[in-house]
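Input: a single structure, listed below in structure tokens.
We just call them A, B and C in the order they show up, numbering each chain from 1.
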Amino acid sequence: MNYVFHWSIISRYSDYFYIALYNTFLLSVISIFLASIVGVVFAVIKTTGIRSLKMIARTYVVTIRSTPLLVQLYFIYFGLSYININIPSFWCGVLALTLNSGAYVAEIVRAGLESIPIGQIEASSALGLRKLQTMRYIILPQTLRKVIKPLTGQFTYLIKDTSILAAIGIYELTNTANIIHARTFRPIESFGIALACYLFLNLILMIGSKIIEQRVSLQK
Amino acid sequence: MEESAIGLFDRVVAPLGTGFCYTIWLFLAASILSLLVGFFAGLIKNYRLPIIHYLITGYVTIVRGTPFLLVLFIIYYVLPFFNIMVSSFAAGVLALIIHEGAYITEIVCGGIESIDKGQLEASYALGLNYFQKMRYVILPQAIKIMLPPLAGQMVLLIKATSIVSLIGLVEVTRVGRQLAQRGENPFLVFALVGVFYFIICYPVIDVSDRLERRFSQKNND
Amino acid sequence: MISNKVVEVNNIHKFFGKLHVLKKVSFSVYEGEVVVICGPSGSGKSTLVRCINGLEKISEGKIRVYNLQIDDPNTKSTKICKQIGMVFQEFNLFPHMTALDNIMLAPLKVKRISKAEAKDIAFNILKKVGILEQANKFPATLSGGQKQRVAIARALAMQPKLMLFDEPTSALDPEMISEVLDTMRDLAKEGMTMIIVSHEMGFAREVADNIIFFDEGNIIEQAPPKKFFENPENVRTKKFLSQIL
């Protein structure tokens, strides 16, 4: 079948694509930031917390890992409106992404913390450092270095997961591309642009991660 | 609305169960086929045939950077332009094969390449050809390494089936959404939906975590 | 009685990228000869031996083993490896198979003999090498010396005409070196043609017919043990010997 490319149609809708790219970018950045905080908090709870807090943290992580993001999103979106709490879908999406990624970040950070050999902690207390100082000067810097690569992987997933917010009507890249394709009957161009945008966002993430890696690297 | 237990079952649990059957069918078809595709692509990628290697690497890199929903939309909406009509189930299976296949390719290729080079040298020195080397020496060792990440990928696959609901397939997540839109208690509905996924995902995740812990302990000795 | 020339290495060069590892190396090995190649680390002696059975490809030159031209791309590697056995420094045993299965694999699949015949050969070699009781054990449960003897048995099971040894005892704890050297000594007595890369100079003096001192990609000196140890010609050889002995 003949498929004639009409890229001009797309430039007519370029505004929508810019907005979509912006939305996806915003969702990603905010969720990455919040998920990191949530993740670190739960990671610390899981490694040094009280037993009951540990159980809550474990239940949270296991539940998130064993259920799809879309189901978590619907749970929050339909749930909140059922009990008459009306927040904009954008923030519903951010909440779902944050809670979802937060669990995976918690696991990554926890693995990083636990991989620090116990000899380091023993040596530092033998030198007279207090618990907080040990954390700040010994444990955290090493954990940070170990954790950058897997976190970058997790945040790549997060950027792609923003597409699922299409289910609640948010005008991010995938949803917008779908809407425009329905209007113009040009699926290849529409989805192609969305694809290119995702690869672009991933590229930015990769570059940012490489820069951070080199900043904290021990090999100068 | 009547809140009796039987009524609840009829209204909520039964439709969800029916939807879950679609989830299972989708998962079985997609998992078997994507494992086959990924396994052979991984082997071919490892073999390093000149042009094909770059094609496979390109495919893997692009697909891994693309959201599954986008891949799904592309399959579902582009194929009709080439006169291929697909049902949402077929599009779902195809999209899952393409998307998951890319990850499995990497797992398989990575697993094979993680085997000590000395095993390859000993196989060469004994005169084994490629197939004998793979079948008797490399693959038996590599498969043990591949199992935890492959199990993890299967969990991701079954969670991805929920996204196929967005092109209309009436699997369990879509049924849940329909019930919630009809006025049922969404906390109840989606908790139940979650339980369906949980029953399958949790045991796999648990076993996979244990396997991975045991494997890294062995390496640390 | 004139011996056959088993190995002829003719003006070979080997580059790893820009690194010139083997620089115009030539030598020959005759049937039944035991040649020991010694020299400092990084001299290229391992690479030299690995080129002989085609594990590494030479950049220039010719290598002939019996009537097989190793450097010819049309020569099938399976054909080469049926004639030549190789023993590695790191053993490279297959960890998921028992010692017996390690030994039987190649005869069964490459030579395609029957299982009964393969088992027969395997048991005989295990007995000869002195580890019959370890037949059904997995490599992880064997000592270093036992592992290397299984590796030697595995190579011998193919009944090769030439055996290559790449630093066979360098990865072993001292107390296990002698059991492996004993096995190699017996093999030499039976008339096997052997090329051995090794630091074991006592063994070389006792067993070798010819000793080659290799350094920086070149053969520096080549002589029978008596001359090599008592009257070395080259300054570098003398320096090396004074450091080792």
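Here is the rule we use: contacts are C-beta pairs under 8 Å (C-beta built on N, C-alpha and C of every residue); 3 or more make two chains touch, one makes a residue touch a chain.
Quick caveat: nothing in here was measured; it's all calculated off a predicted structure.
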{"item": "Central subunit by CA centre of mass proxy", "value": "B"}
{"item": "Pair joined by more contacting C-beta pairs (A-B or B-C)", "value": "A-B"}
{"item": "Approximate Å spacing (C-alpha centroids) for the pair chain A, chain C", "value": "55"}
{"item": "Inter-centroid spacing, chain B versus chain A (mean Cα positions, whole Å)", "value": "20"}
{"item": "Where chain B and chain C are represented by their mean Cα positions, the distance between them in whole Å", "value": "47"}
{"item": "Where chain B touches two or more other chains, by residue", "value": "none"}
{"item": "Partner chain B, residues of chain A touching it in the complex", "value": "1, 3, 62-63, 65-72, 74-75, 78-79, 82, 156, 160-164, 166-167, 173-174, 177-178, 181, 187-188, 191, 194-195, 198-199, 202"}
{"item": "Residue ranges of chain B touching chain C (in the complex, touch as defined)", "value": "116, 118-119, 121-122, 124-129, 132, 136-137, 140-141"}
{"item": "Contact footprint of chain A on chain B as seen in their complex", "value": "62, 65-70, 73-74, 77-78, 81-83, 155, 159-163, 165-166, 173, 176-177, 180-181, 185-187, 189-191, 193-194, 197-198, 201-202, 205"}
{"item": "Residue ranges of chain C in contact with chain B within the complex", "value": "53, 55, 77-78, 80-82, 84-86, 88, 90-96, 105-106, 109-110, 154-155, 158"}
